[in-house]
Amino acid sequence: MTKEQATALVAERMAANDITYAAVAEAIGKPPVWTAAALLGQHPLPAAAAAKVVELLELPPDAVTALEAFPMRGALDGAVPTDPTIYRLYEVIQVYGPALKALIHEEFGDGIMSAINFKLDVQRREDEAGDRVVITFDGKFLPYQWG
Amino acid sequence: MTKEQATALVAERMAANDITYAAVAEAIGKPPVWTAAALLGQHPLPAAAAAKVVELLELPPDAVTALEAFPMRGALDGAVPTDPTIYRLYEVIQVYGPALKALIHEEFGDGIMSAINFKLDVQRREDEAGDRVVITFDGKFLPYQWG
Amino acid sequence: MTKEQATALVAERMAANDITYAAVAEAIGKPPVWTAAALLGQHPLPAAAAAKVVELLELPPDAVTALEAFPMRGALDGAVPTDPTIYRLYEVIQVYGPALKALIHEEFGDGIMSAINFKLDVQRREDEAGDRVVITFDGKFLPYQWG
Amino acid sequence: MTKEQATALVAERMAANDITYAAVAEAIGKPPVWTAAALLGQHPLPAAAAAKVVELLELPPDAVTALEAFPMRGALDGAVPTDPTIYRLYEVIQVYGPALKALIHEEFGDGIMSAINFKLDVQRREDEAGDRVVITFDGKFLPYQWG
Amino acid sequence: MTKEQATALVAERMAANDITYAAVAEAIGKPPVWTAAALLGQHPLPAAAAAKVVELLELPPDAVTALEAFPMRGALDGAVPTDPTIYRLYEVIQVYGPALKALIHEEFGDGIMSAINFKLDVQRREDEAGDRVVITFDGKFLPYQWG
Amino acid sequence: MTKEQATALVAERMAANDITYAAVAEAIGKPPVWTAAALLGQHPLPAAAAAKVVELLELPPDAVTALEAFPMRGALDGAVPTDPTIYRLYEVIQVYGPALKALIHEEFGDGIMSAINFKLDVQRREDEAGDRVVITFDGKFLPYQWG
Amino acid sequence: MTKEQATALVAERMAANDITYAAVAEAIGKPPVWTAAALLGQHPLPAAAAAKVVELLELPPDAVTALEAFPMRGALDGAVPTDPTIYRLYEVIQVYGPALKALIHEEFGDGIMSAINFKLDVQRREDEAGDRVVITFDGKFLPYQWG
Amino acid sequence: MTKEQATALVAERMAANDITYAAVAEAIGKPPVWTAAALLGQHPLPAAAAAKVVELLELPPDAVTALEAFPMRGALDGAVPTDPTIYRLYEVIQVYGPALKALIHEEFGDGIMSAINFKLDVQRREDEAGDRVVITFDGKFLPYQWG
Amino acid sequence: MTKEQATALVAERMAANDITYAAVAEAIGKPPVWTAAALLGQHPLPAAAAAKVVELLELPPDAVTALEAFPMRGALDGAVPTDPTIYRLYEVIQVYGPALKALIHEEFGDGIMSAINFKLDVQRREDEAGDRVVITFDGKFLPYQWG
Amino acid sequence: MTKEQATALVAERMAANDITYAAVAEAIGKPPVWTAAALLGQHPLPAAAAAKVVELLELPPDAVTALEAFPMRGALDGAVPTDPTIYRLYEVIQVYGPALKALIHEEFGDGIMSAINFKLDVQRREDEAGDRVVITFDGKFLPYQWG
């Protein structure tokens, strides 16, 4: 079974049995965004988590190997996402990317926010004018360092 | 003077006089990310702020109109950013975009996080293993709503 | 059953039984453009509507879950549509996009017309010189608002 | 003077003197969207309108010829617009394009909505929940007709 | 049966039985270019013609619906055709496109040659220096007309 | 003077003095489409024609060399033309390209219509339902021939 | 059987039975480059050659029709070849294309080297410093000729 | 003076004084294709040749350094050439690329024809049916060799 | 069996039986990077190595031919890799490509580092601040040499 | 002075005075690859180094600020480099990218080689069969680590 096949099967079983990413995350003891990314094929699952997912979703046993495999990452079909929910994130880069770069350089000097030593959280914040989606990027600053 | 010319002039004066975005932000009473985005040509400046910037950076008077003008937004030269600091933000969308979409739908139902009714903050968080860049996206949830 | 398979099955049954989008729209009590978009895989159907569609088109029961699922939106194969009927809409953006932007800014200030809090209608208007297609975009104005 | 130079000059003079597209439209007796498109370089101006614009904006006399010239149309820098206000129009095509095509075929048969024998209007509609942008496409239906 | 499947089946049967587009065109009483385009999936066939084609090529009965369906038009895999016979047509646009535009404007004023109210013919013209392919585009002129 | 500069100058002088391509074509004794293509920079002008054009449009003497130079051909900025008048020609290839290919092969065997040994004409044909643009491609058939 | 299926089958049988393109070329009495191109799906095989290939490679009888069919030509998956052996040919065009164009124009005047009335040969030339690949393009010069 | 400026100046002087690439090649004692490529900015000129070119074309003295500089190579504006004379070379790769690859592998084993240890010649071959352009690629075979 | 099918099967068997590339490399007596590239479909395996791999991974016998076949090389789906581990290599070219070119020219003169007469190694280097990945490119310098 | 202008000026002065990157590197006490990258605009120079470069190359004083500025990184004009010396590096990624990824994962687990905490060296290694270019990538391994 390839990772793509395992991923598709996971999605089907979750939909058919009304199981949420939050529920799987709790079952395997991992944060929700990490769990959703892993089940969507962007992270390898540790052995125990893979076994748990296979049990929970009643997947065939050889799905374990597929879920544990290192993925070829990258989830967008083209360079620019077409889905409106994902596009808004891209729009933020188009409009604010250079501003974020300028302020990171101003505060930290030359370097980047790691996307590897990195965590991501999404929360609802209640607001009278309409609830808000709050997404937090939290990555280690890596200064340009010559070796 | 076009907006591009005003923007280039702003960058030159800030570099030559060692003026930071944080300093301009304080001077005009606006948040730093918004200020940086505006000075990089992605937001129109209100009249008072434009006048203040012109004074602070000793720009020619006709820069006021240019800074106030509505911009044609979009800061990337190609669809995929090449600058490493900005690319990491794009990589987050490639790796976590569908996960964020799935969790937004799970928590809020069908809809998007607005990139218009939206604010963005970048902070340093001290950490023994190396300080971290913390970027917070905070946008109103907009449910798909037929009119 | 994936959403793509459900969508293809819907198209086949509608063609084979000469059922129009207008007829389905009436059966499920939804506007025609919304209904066509949903049946073409761009909107999730509410449970009752999904069940009704499955009954009306004699689809297999597991199509219900597929029709209810959140779609990965975006209907064009490439960035520029090749189909002449759809291309004309794209041409309007190429020719009139900046004009619409300018007038929205002139009338409302800086911001956008929402494509989420949005409805769309298409009507025939009789005209002696040849009937006309009248498409109405109706979206909430969202001012740029910092948080 | 090329059309691009004339167009840039028009924008500068309008900004410097706070002249709106609505005002120019009234001065030359043309609809606002048409006027904005023409002043942005997407339509040739008739001789009288060109002369009026040159007078109103105090342009050099050879701008008349440039404003009257047939444009090479197409206003977007890339295939996908990056400006959020214009992108929302593109998103509508991505999400609703095939639905509009299906309904046009259902109502009119095989053919297109002309983008040439076509007019476009944008209006504000007051609404308690927030005013709305209403854009109306009004194009002649052209049936596929072999000669 | 989808339109793509019907189209592939048509090609197979025509090749296997040495039936030409000219022969089908005569059988259904339609011009050859139109017929070839329709059989290649770019036009819907009227009911009678579809039935005739199914009979002539001994296709399964449900091919009738597929041949009658409105196609999602556009026959090129990429933006630039790679096949040399088709590429030459594209080269003509690259070399002569602006010249044709200039002469259409000179003769007719601002507008286009319709590709919808349009017919196309291809003929052999004998010539001592080598026979010639003569392709005639014949489309209604549509002046830009505001509504 | 480069060819681009000469071409731009030609356009300016023609517009300023209301000289048509048809008039230049007659003055230099060449067909109109060829003349327009050459003046738009897609064909080298023979010495006599170049001299005549320089005289007629009162260009500086070194324009002669530029007009005579072999051009780097190709007039479109991107792969897909955005101008509606030129786009319709591209749409014809998208919709009818494979049909033309099939009929050329059916009539002539394997090969192409030359775009080099080729002429092009555009005419107005009066028609009660609206005059028509008739464009004739006339190219030598070149059979695939191995050496 | 489609041309793609026939082509894939040819490749499999050649590999399994260690049959070279040179051997097939000799068997059907055609030049090697032409033969390889035809077996890779870029040229139609004449009836006799198709029959011979089917016999030699023990293909199913309906492969004859597929091998005889006119191909939709173009062998590269993207615009730029990724395979290093093929890329070097592309690099030659990137580095020497305009030089070849300049010299063809200098020697022959305005026109092209035909790729249709064309043959191609590849040979090994022994050389002490390492043998060399010698590829000869041999195409008829076609002067730009207006009809 | 940049290499681009030197290259443009070379082209202008050659055109103005009717000096051919063949003549420059003879003057500097280099093959014509190499010379044309170098003068078009794709090869650095050795010091003596650069000096000779500057003298011959009466260029300013600082052109010597520019002609000697290592170029950033690559002469096409897009991935696919639009100029018909250059496009035919690209078409040859599209149609015959995999055939050349197959025959190189058959004759030499796994490897490439070098485009660096490489020479290129273009000749006219007289032919009653029309003279022919003969282009010879002559590159060292480089076998894949692990270190 | 095609090369793609053999490659997919290899990956499955390696994962299912926890066999590393290092282990296969040792078994066939080849360097690890070469072995991984070959098993991922980018190099043909010599007969003995192919037989060994088939035995080791218990592949069907006809996999031998597929593993020995010359590959159509190129492993990226698009021009820019999306996988973060591979993207970093691409980023190095974006940031340091021209620097490497400049230094190669400075040290060796005009030419390239061969990617054919080339070997590649990846090693772990222990480091207190975190272990390091050390990748060594080792390619023969090829001077530009005219034949 | 912008960074681009400073960079162009540096290149001109180095060429005119025959100053190598190695010489500048020694003068400013930095490694050669880093120095070349910085002078080509991909790294900011520290104040002392910028002053030294300005002195050494006799640049105008305001070049100091430009050399110190944070660059918008990314040196390739398109996604795929056309220069042969740089392209070979890209080809290595196309052919060996997944192999390097697989071996990094095998040795280090899931993660990347940093391109930020990274150094790069290029050396000549003498070899009887022709000297070799040896490029060493040396980057810190960053394991995927959730926060």
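We just call them A, B, C, D, E, F, G, H, I and J in the order they show up, numbering each chain from 1.
The definition used in the following text is that a contact is a pair of C-beta atoms (placed from the backbone, for glycine too) under 8 Å apart; a residue touches a chain by one contact, two chains touch by 3 or more.
None of these values were measured; they are calculated from a predicted model.
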Comparison of I-J and F-G by number of C-beta pairs in contact, larger one: I-J
Contact-pair overlap exceeding half with B-I, pair selected from A-D, E-F or B-J: A-D
Centre distance in Å when subunit A and subunit C are each reduced to the mean of their C-alpha atoms: 29
Euclidean distance of C-alpha centroids - subunit C vs subunit D, Å: 23
Chain centre separation in whole Å, for subunit E relative to subunit A (CA means): 46
Touching two or more other chains - residues of subunit A: 72-74, 76, 79-85, 91, 94-95, 98, 101-102, 105, 111-112, 114-116, 118, 138, 142
Interchain contacts, given as pairs of chains that touch: A-B, A-C, A-D, A-I, A-J, B-C, B-D, B-I, B-J, C-D, C-E, C-F, D-E, D-F, E-F, E-G, E-H, F-G, F-H, G-H, G-I, G-J, H-I, H-J, I-J
Residues of subunit J that touch subunit G when the two form their complex: 80, 82, 84, 87, 91, 94-95
Subunit A partner contacts - residues on subunit B that touch it in the complex: 20-22, 32-33, 36-37, 40, 42, 73-76, 79-81, 83-86, 88-108, 111-115, 118, 120, 122, 124-125, 127, 129-142
Complex contact set, residues of subunit B against subunit D: 2, 62, 65-66, 69, 72-74, 76, 79, 115-116
Subunit D - residues contacting subunit B, complex: 8, 12, 15-16, 78, 80-85
In the complex with subunit I, residue positions of subunit H that touch it: 31, 34, 43-44, 70, 72, 98, 101-102, 105, 110-112, 114, 116-119, 138, 142-147
